[in-house]
Each structure stands twice: as structure tokens, then as C-alpha cells.
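Here's the structure, in C-alpha cells; my notes come after.
Think of it as A, B, C and D in the order they're written, each chain with its own count starting at 1.
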Amino acid sequence: MELPQTDIVREHETFFRVRYSECDQQGVVHHSRYLIYFEQGRIELLRASGYDYGKMEELGILVVVAHMDIHYMSPARYDDELRLVTRVTKVSYAKIEHEYQLYRGETLLVKAKSKLAAVNREGKIMSIPPEFGGLGEFPQEL
Amino acid sequence: MELPQTDIVREHETFFRVRYSECDQQGVVHHSRYLIYFEQGRIELLRASGYDYGKMEELGILVVVAHMDIHYMSPARYDDELRLVTRVTKVSYAKIEHEYQLYRGETLLVKAKSKLAAVNREGKIMSIPPEFGGLGEFPQEL
Amino acid sequence: MELPQTDIVREHETFFRVRYSECDQQGVVHHSRYLIYFEQGRIELLRASGYDYGKMEELGILVVVAHMDIHYMSPARYDDELRLVTRVTKVSYAKIEHEYQLYRGETLLVKAKSKLAAVNREGKIMSIPPEFGGLGEFPQEL
Amino acid sequence: MELPQTDIVREHETFFRVRYSECDQQGVVHHSRYLIYFEQGRIELLRASGYDYGKMEELGILVVVAHMDIHYMSPARYDDELRLVTRVTKVSYAKIEHEYQLYRGETLLVKAKSKLAAVNREGKIMSIPPEFGGLGEFPQEL
């Protein structure tokens, strides 16, 4: 599918350091915390486009995660300086897909994919507005 | 101060097991997680009185923590079976005070005190309704 | 592949309640926390077989998550009573695969799959011992 | 008590943004997460002195929290840009005390105090080495 002609940024790099409390007793980042890094990556990508996820929620557009697929290749450790590449890979009326690559230096530690949907406060699927990277109103034929 | 004649339960015991993800790389429960145990203790104490914290929030009564004081005496570890004693120690129109003792067997691991207030959705201090252990409407002289 | 003739339990149900601190500002369980529930499901399944994950770690056998695939179908909310079904679906010398179904009543909320590997303290892949559901020593031909 | 003549930095400012996953369903930072911010403040203060907490742990010096006292004055919210001031206020052979002030702009949101001790891997109290802000070896009379 062709990506729509919206002005959102398609790729973004976020830099951060692993916090002590994110590590488990194996001395590595607990596997659940990477999802929090990815979420932060999406939010920063949106911000780089000039948008604000908090504002979306105030307008009643809630972004929910429908699917995550994560490959853990090598562990991140306390105090590591990490670089997260977040990329929009596919957009439809109701879903946005992202890819993530998390690096320490040149080493790829974790890669992942997600599918997000937008819902209203009642949990009903909405179309994703163009200003947030979506294609806008659902077409009649949907 | 005399405790009011409401029918809430004044003391409650909660039993639970330490989860793997709650431990840090020292191999002990991270010091921040005990606050989550204490919160769960308050919620279970309220439930034992026949009330439901979720319902309070739906009615627009938000309970917020104003003060916490925590003494960490001995660490809890992964898979420990813990017993938390939660006690209401003081009640006023606008605040409720609790005490907590967390045990593994007979060993006291952590003890703490908290002060809670009730606020509405705009963050304004409310009186705590009697059904939730409070003294009810603020008196005129307040 | 045929499942090996070890005596570990292949399926287990865990029951628990959603904690307040696990919910985000959408009023639903944050999507990262389900991985913590799944981890707890694996640990309880192991315990039901008479084994103890903490003991494995003391022996220097660390279980690491290599892959997770999660479908979020409907959100869990604060105070929901949930039932998690954890199942071992495939075993090889170096990996164990699990499936998870998380229910509220009869409603399937989240389903997921994981692949785990065992590593030693230096991060080197080990064979998974039979007492933990593995096939034992790597065969010569590997 | 007079502060010892060690070369550690006595005060440090850390800047960070509230993450989405740190907020609860009241739409504010969950009260347990501030302890994670404070921990990060201590680590950054130590780093500003040229020391590395990870290295301390590798040397077998574990820093544990013995006491925390926290006053929550106003809530931090998603995406807020916060400034944390972390200060060493007292040093003895076996303990270090810190104070914390967390600000959004000029508004003081949370203030706290902590007492930390150093223990070895067996959990026995150690003296805190001068390079980490301590007074060094316990004197004979202790």
C-alpha cells in the first residue's frame, strides 16, 4: 500500500539510558519494559511531526495497541545508552503499523513490530485523523 | 482523636507472593514496589468493608496520597509469601491515615504510614464520605 | 515434534485480580503489563510440576525470553478478576514454547505466544534440563 | 554534623519528561514512580562526581534504601517536563542522607528525604567508601 501524503515524520531516533529500576535480578532489562521504550518512541515520533499524543487523548482519540511482535536478540543492561529507531511502515483508515530497532552502539538488541488502532472513549474503532498520520474519514465502501 | 462510628473495617490482612518482575538486580524487591503493595492493602481493606474503590472513582471521588513514610528493615525476595497488615489509624473530615506492616513469616520487613486525601476531578479537596471511612460533610466551622 | 516424556505439567490456570497501579490513564491495563502476567503464568505452571524457578536461577540456569507475539483483543480493567491459561506447546533441546490465553469470564482478552531459551550466567545458550520440561543434554549431532 | 572533605558533588539537577506508562487512571503520575525518579537523581548526582553506581555493585557494594519520607503536594502529569534537585544533606560512616525537590516550572510538586546504607552481598552493613561520598572505614570506636 502507498503511504498517504500526510506530513507526519516517518522515522525517528530516540536516545535514552536504562534506569536501575528497569532491570531484573538477572541484571538485564526486564523483557516487559521494552514495550515502554517503544511507546516512548512512537510518542517522540509523533512529537517530531508537531503533534501531541496528550492532545489526541483530550480530543477523545485513544490509541490502543492491537498487536506486538518482539524479537529479543541481546539484553540491554543498567546504565546502557540506547538508541531506538521508530518507523511508520503502513497506514490504513483504521490502523498504523510501526517497526522498532533498539541499538546499543552498533549492536541490534531488540526488534519489534506493532499494529495500533484508534478508539473512542466507548472503545469503538475510529478512523485515524490525517494530522496523526492516518488517512482520515473511513470511505463509504468500508 | 476518637474514631468515628462508621462501619468500615479498621484492620485487614492481605496475602500475596512476590513476582519476578518486582525484583531488581540486587535480587530483592525494588523499594518503590512496596507502595504498590500498600495500595493493594488499602483497596482490600475497603473491599472487606463492602466498598469498592473503582466505584468511588466513578462517582468522582479520587483518593490521593499526600504523605508516605517508609522504613525498610529487611528485603523481600522473589517468590516470598508475604503478609501485609493494613490499619486505619486516624480519620478526619479530609484525611485518612493508615499504617502498614509487611511480614515474611514472623519477620517484619517493612513498616510504613500514609496520609490520604480525597479530591474531585478538578483536584479540589473533598470531605471523605462515611461509607468510605470518613466523617462525611465538612462541618460549617471548617 | 513429539512432546518428550517428562513429568512437567503441560497446562495451568492462574487466577488473579488487576491491580490499580497496572492501569494507565485510558483506564485499562497498560499493554506492557500482560507480559508480567504471562511470566507469572509460566512460573506457576512450573511450580505445579513441583519445580521452582528461583532454584533454577541459583543453579545458574537463567531463562530468557527470545520472542513474544501478543494479540490484544479487549482491554482488562482495574479490579477485574482474570483467568490465565498457560500451555507448553513445543519443547526442543534449547527452547520451550508457550501459549497464553487471558480471560475475564468467558471473554478472551489477550492471547500470546512465547519462545524461551536457557542461558548460563555468561549468556551462553544451554540445553534445558528435563526437570524443567526440556529434553536434557544437547545430542552429539547438534 | 560537618560534611566530610570528599570531592563528591553535593547537589545535582536532573531534567526528564513523564512517560505515558508512569501515569495511572487518575491521569497523574502514580505515587510509587517518584521513588524511581529520586533513584535516578541519586545516580546522576553520583555520575556528576565522576563515579558509577554500576561499578560500585560490581565491587560488591550494594546501596539500599533504609528510609523514605515523601510529601506529595501537586501531581505531575503525562508529558510534563520536570526538574529534580537532588542534594546530599548528611554523611556518616554507614549512612548517606539525601533531599529531593521535584519541580514543574517553578511549582514544587513533591519533596522527599531518604536514608541509604551500604551492604555487602550477604546483606551486612558496610562503611561507605570516600569515593562514593562516605567517610571511609568505620572508626575503631564504632
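One rule holds in what follows: a residue touches a chain if its C-beta (ideal position, glycine included) is under 8 Å from a C-beta of that chain, and two chains touch if they have at least 3 such contacts.
Everything numeric here is computed off the predicted structure, so don't read it as measured data.
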Farthest from chain B in C-alpha centre terms, which chain would that be?
A
Same or different interface residues for chain A and chain C, judged by whether over half of the residue numbers are used by both?
same
The distance between the C-alpha centres of chain A and chain D, rounded to whole Å, is 31
Cα centroid separation, chain A vs chain C, in Å, comes to 25
Rounded Å distance between chain A and chain B, as computed from the means of their C-alpha atoms:
35
Find every residue in chain A that makes contact with two or more other chains and list them.
20-21, 25-26, 32, 36, 39, 78
Seen from chain C, its contact residues with chain B in the complex are 19-21, 36, 39-40, 43, 52-54, 78-79
Listed in rising order, chain D residues that touch chain C in their complex are 20-21, 23-27, 30, 32, 78
Per the contact definition, I'd like the list of chain A residues that touch chain C in the complex.
25-26, 28, 31-33, 35-36, 39, 57, 62, 64-72, 75, 123
